[in-house]
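You will see two complexes here that share subunit A, one where it goes with subunit B and one where it goes with subunit C.
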Partner chain A sequence: MKKEKRDLILAFESSCDETSVAVIENGKRILANVVATQINSQKRFGGVVPEVASRHHIEQITICLADAMQRAQITYDDLSAVAVTYGPGLVGALLVGVTAAKAVAFAHHLPLIPVNHMAGHIYAARFAGEIKFPALALLVSGGHTELVYLPKVNCYQIIGETRDDAAGEAYDKVGRVMGIPYPAGKQIDELAHQGKDTFNFPRAMLNEENFDFSFSGLKSAFINTVHHAEQLHQELDQADLAASFQQSVIEVLIGKTAKALKKYFVKQLILAGGVAANTGLRTAFTQTMQQFPQVDFLQAPLNLCGDNAAMIGAAGYVAWKGGQRADLNLNAVPSLEFDWIK
Partner chain B sequence: MLKILTKDFAETQRIAQLLARLLQPNDVILLKGDLGVGKTTFTKGLARGLGINHRIKSPTFDIVNEYHQGRMPLYHLDVYRLEETGGSDLGLEEYFNGRGVSVIEWPQFILDDLPATFLLIKILRPTTVIDDSRREIDLLAVGNHYRQQQTKFINLLKKEFPTLTYSLVTDPN
Partner chain C sequence: MIILAIDTSNQPLSVALLKDENLLATVTLNNQQKDHSTLLFPVINQLLVQAELKPDQLDRIVIAQGPGSYTGLRIGGTAAKMLAFTLKKELVSVSSLAVLAAPMTSIDSQTVIVPLFDARRQNVFAGVYSYSKGQLVNLVADQHLALTKLVEILAVYSKIIFVGGAAHKFGDFLQKNLPQKDLSWTTGILDYPQAYQLGLLGRKKQPLENIHAYVPAYLRLTQAETQWLAKHQEKLNEPLVEKF
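Moving on, here comes the complex of A and B:
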């Protein structure tokens, strides 16, 4: 029997809180995806996090690498290329992954593939199905909220983004006010299902002509409401608060995305990023997509919505196929972003 | 300490924009205030004053956003996420000693890692009225360099905002 040719990508991700190394076969199959995170190992409240410190990444990265190679049951000779997140993120954190990737590429004479972290998030969806171009991606995470147009493979163009806070950040900050521990998204999501939208928080920028978002006003409206009630010694229904907040976020995300789908005739809508794990958002999107029967709806798998190296391997694979290469001068680019659509 | 009362977010931004005129490389501004009080709004004004036309977004997640489009770099730091870990491992001094201006939101979380002199700006809600966008902005200069800057800033305010409400309060200690 003829064996199918295997292209194996070794991928590194260390842009923020997670240190991760993965081995991906043919851009779509995970042989190993090791993620080291400190989210559960540290007690913390409201605030958030992390050992973003590079020291943590340095401690973890070689362990993750050895573990990933072992789980994938491969040797360095089996690899086709090394992919790495080089931005956006925290410079000290990024440099750990970039340096590790360079070391492996140099030692084993492998091509080095630079990957934009955001392209990685989009390609997490590749593990749920094939990406069909032109596509539109809604990326929602703790650090980003953007609508990205993908006219063809390896081409990413921003059509809209948040002007202030990311959607995930709004969840965490509102969570702090409600006394919900970080990360607050999951618990607010669960609470929201038990409550009703009674507070009518603002739906920012929904009626504007652009595709931008704003969640700072919603955050302030929420905080004002809670503080005001505290001053009057009123008890607010936590479930209704959560439901009202979540409904505002969902309506704005869906409203803007639906508007974009009417302007850009795409074959597929991709939902990705940490907040894409929110069940309220997923359900609402699945319903809305019935209005667009001609558009395929692809959601990143739940376990790949957060930061991980598997998604970097998937994006790195298409970049490698497209001939993208970096040399050993590759540096971290903390403020890396996609170009805006012309 | 200089106390300024602004009537809305736009005026808060214009004040910040004016302050930007006086900023020099290596300057460090600590920006304090509750969630949603307008710290990032203030920073947007500073950025505009530095000639940065790029969009200023919340740096909470990435901790540092760098902007190199203006007359000097702006390092916009938000150490909100470092409440329990501090900033000792992050190499923040590279920003403070860099070629630009550092603006640090939630500086109380990295007290051990801050430089000895700085301009502290506190943004407060003067009333308890919901949706009131009036703000009190308190400036406290620590160190000679920042005290001189504050004096120059008061002169600028007199010239550019003759109707603005402000007062000088004796510095605590």
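Moving on, here comes the complex of A and C:
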């Protein structure tokens, strides 16, 4: 039997507060995915301080590479290409990964593949199953909330995005008011399961024709409710607060996605991004998708929802196959985003 | 020994290739429009091509460790650290201020050399150096300090030469606050870092034992950490970065 040809991608990710290096085989199998997270450091400040993040990245980057190469049991000669996140993200943080990837590509004469971090999040789902085009992806993270249409491979078109806060950002800000340490998403999710939606927070832009989101109104309504109660010395039920907040977020995300599924006839819906690890969101989506039996539902695996280099390797693999290459002058692009659909 | 020397500490970018103490090729750019991230690897590549060398023929990478611009230090530092690690070569780090002081070989041993970088708001990064028996000696460690503090430190010296663009910027202040001293300033090429000088300094140093441990010499905590430490005397009992 002929052995399948092995194409190995070495991938770097350093766009925010995770330093990660991965080795991916044929775009779908993880040989190594080392992630060094700075959560313990950044929680001192209640959020990510860019200069602190950049300093940790340069401390960790060669250690992560050494571990990844060792776990994957490969040498540089086995590699086909080096993929790297070049945006969006914190510029100082991105530059460490971009420079490191260039050094490895240059040293070993390997092609350098530029990867959009958001394409990476979408391709985290590749580890759960094949991506079927045309597809629609809902990306929900600390920095982004967007609906992306994928007509074919390596083609990403935004159809809607948040006009203010990202969903994950709203979680962190609400968490701060509730005294929950950064990052607050997981704890609010857990609390929400013990409470009920009693506060009826607003569902922003749900009835508008577009596919855009807004979470700053919800955040303000939440903060006002808490502050008002404090002034009256009233005790609010934390679980009900969390449940009410989360229910509003979920309804808006599902409402807009369902609307998009009715307009764009896709074969698959992909749910990805850090907030896609939210169990309330995953359960609600699984139920909603029963109304769309013709659409396959692919969720990024729980352990790959957060930032990691495995997803960059998966997206980098299809980009590499598609002939995308970067020169040695590749720069970080902190505000990189997909094109809007025409 | 083939040496690649990289200085990205400030606005100028300087890269040199040396064979022992001899210069093979060097480039110094001072392009305000393009940043180190865009320029560094194309310049390294160009020098290697011109010297007809391959990356794996390098024996040692020498990096200007700082002080300087944090982002600049990280671009050069990541490049140097990663090249040394991935090619299994030696890594040596040298003070970026020493790089400016290094060309003053003909200065008499009574004169101290003070290279400085602007650190904004009347602060500088500076150190005090001298040449003794052909060796560059560090008399006062590189540090981040107020200009007023710097003149206090310099009061004990009678002959001082200031090096670097920032030295001109603060020229009037230094003259006024160090009266009755024999002060002078470098000009021309000496105001710019030369990676060849960096390579020469790095040639004589011992390579780092643990490449993973290399981080730039920022000489300053971040503001967020300073504020946090002011409020938290106790240390975090968890590691700051966790790997899984």
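As a working rule, the second predicted complex is superposed on the first by the 328 of 342 C-alpha atoms of A that agree within 3 Å, B and C clash if a C-alpha of one lies under 4 Å from a C-alpha of the other, contacts with A are read in each partner's own complex, and residues count from 1 in each chain.
Here, a residue touches a chain if its C-beta (ideal position, glycine included) is under 8 Å from a C-beta of that chain, and two chains touch if they have at least 3 such contacts.
Values in this document were obtained by computation on a predicted structure and should not be read as measured data.
Look at A:A107: by the touch rule set out above, it reaches subunit C but stays clear of subunit B.
Judged by the touch definition given at the top, the superposed model places A:V96 against subunit C, while subunit B stays out of reach.
In the superposed pair of complexes, A:W340 makes contact with neither subunit B nor subunit C.
In the superposition on chain A, A:F265 contacts neither subunit B nor subunit C. Contact with subunit C, but none with subunit B, is seen for A:N329 once the two complexes are overlaid on the shared chain.
In the superposed model, A:T62 lies in contact with subunit C only, and not with subunit B. When the shared chain is aligned, subunit B comes close enough to touch A:D165, but subunit C does not. Touch criterion met: A:A36 reaches subunit C, while subunit B stays clear of it.
When the two complexes are overlaid on their common chain A, residue A:R176 makes contact with subunit B while staying clear of subunit C.
According to the touch criterion, the shared surface of subunit A, contacted by subunit B in one complex and subunit C in the other, consists of residues 44, 49, 51-52, 54-56, 91-92. Residue ranges of subunit A in contact with subunit C, taken from their complex: 19, 34-41, 44-45, 49, 51-52, 54-67, 76, 91-92, 95-96, 98-100, 102-104, 106-108, 327-332.
The residues of subunit B lying in touch with subunit A in their complex are 34-36, 40, 55, 57-58, 60-67, 80-85, 89-91, 128, 130-131. Residue ranges on subunit A touching subunit B, taken from their complex, read 16, 42-44, 47-56, 88-92, 141-144, 161-166, 168-169, 173, 176-177, 216, 219-221, 223-225, 227-228, 231, 334-335. Put simply, subunit C touches subunit A in their complex at residues 35, 37-42, 44-45, 55-56, 70-71, 74-75, 77-79, 81-83, 85-87, 211-212, 215-216, 218, 222-225, 228, 232, 236, 238-244.
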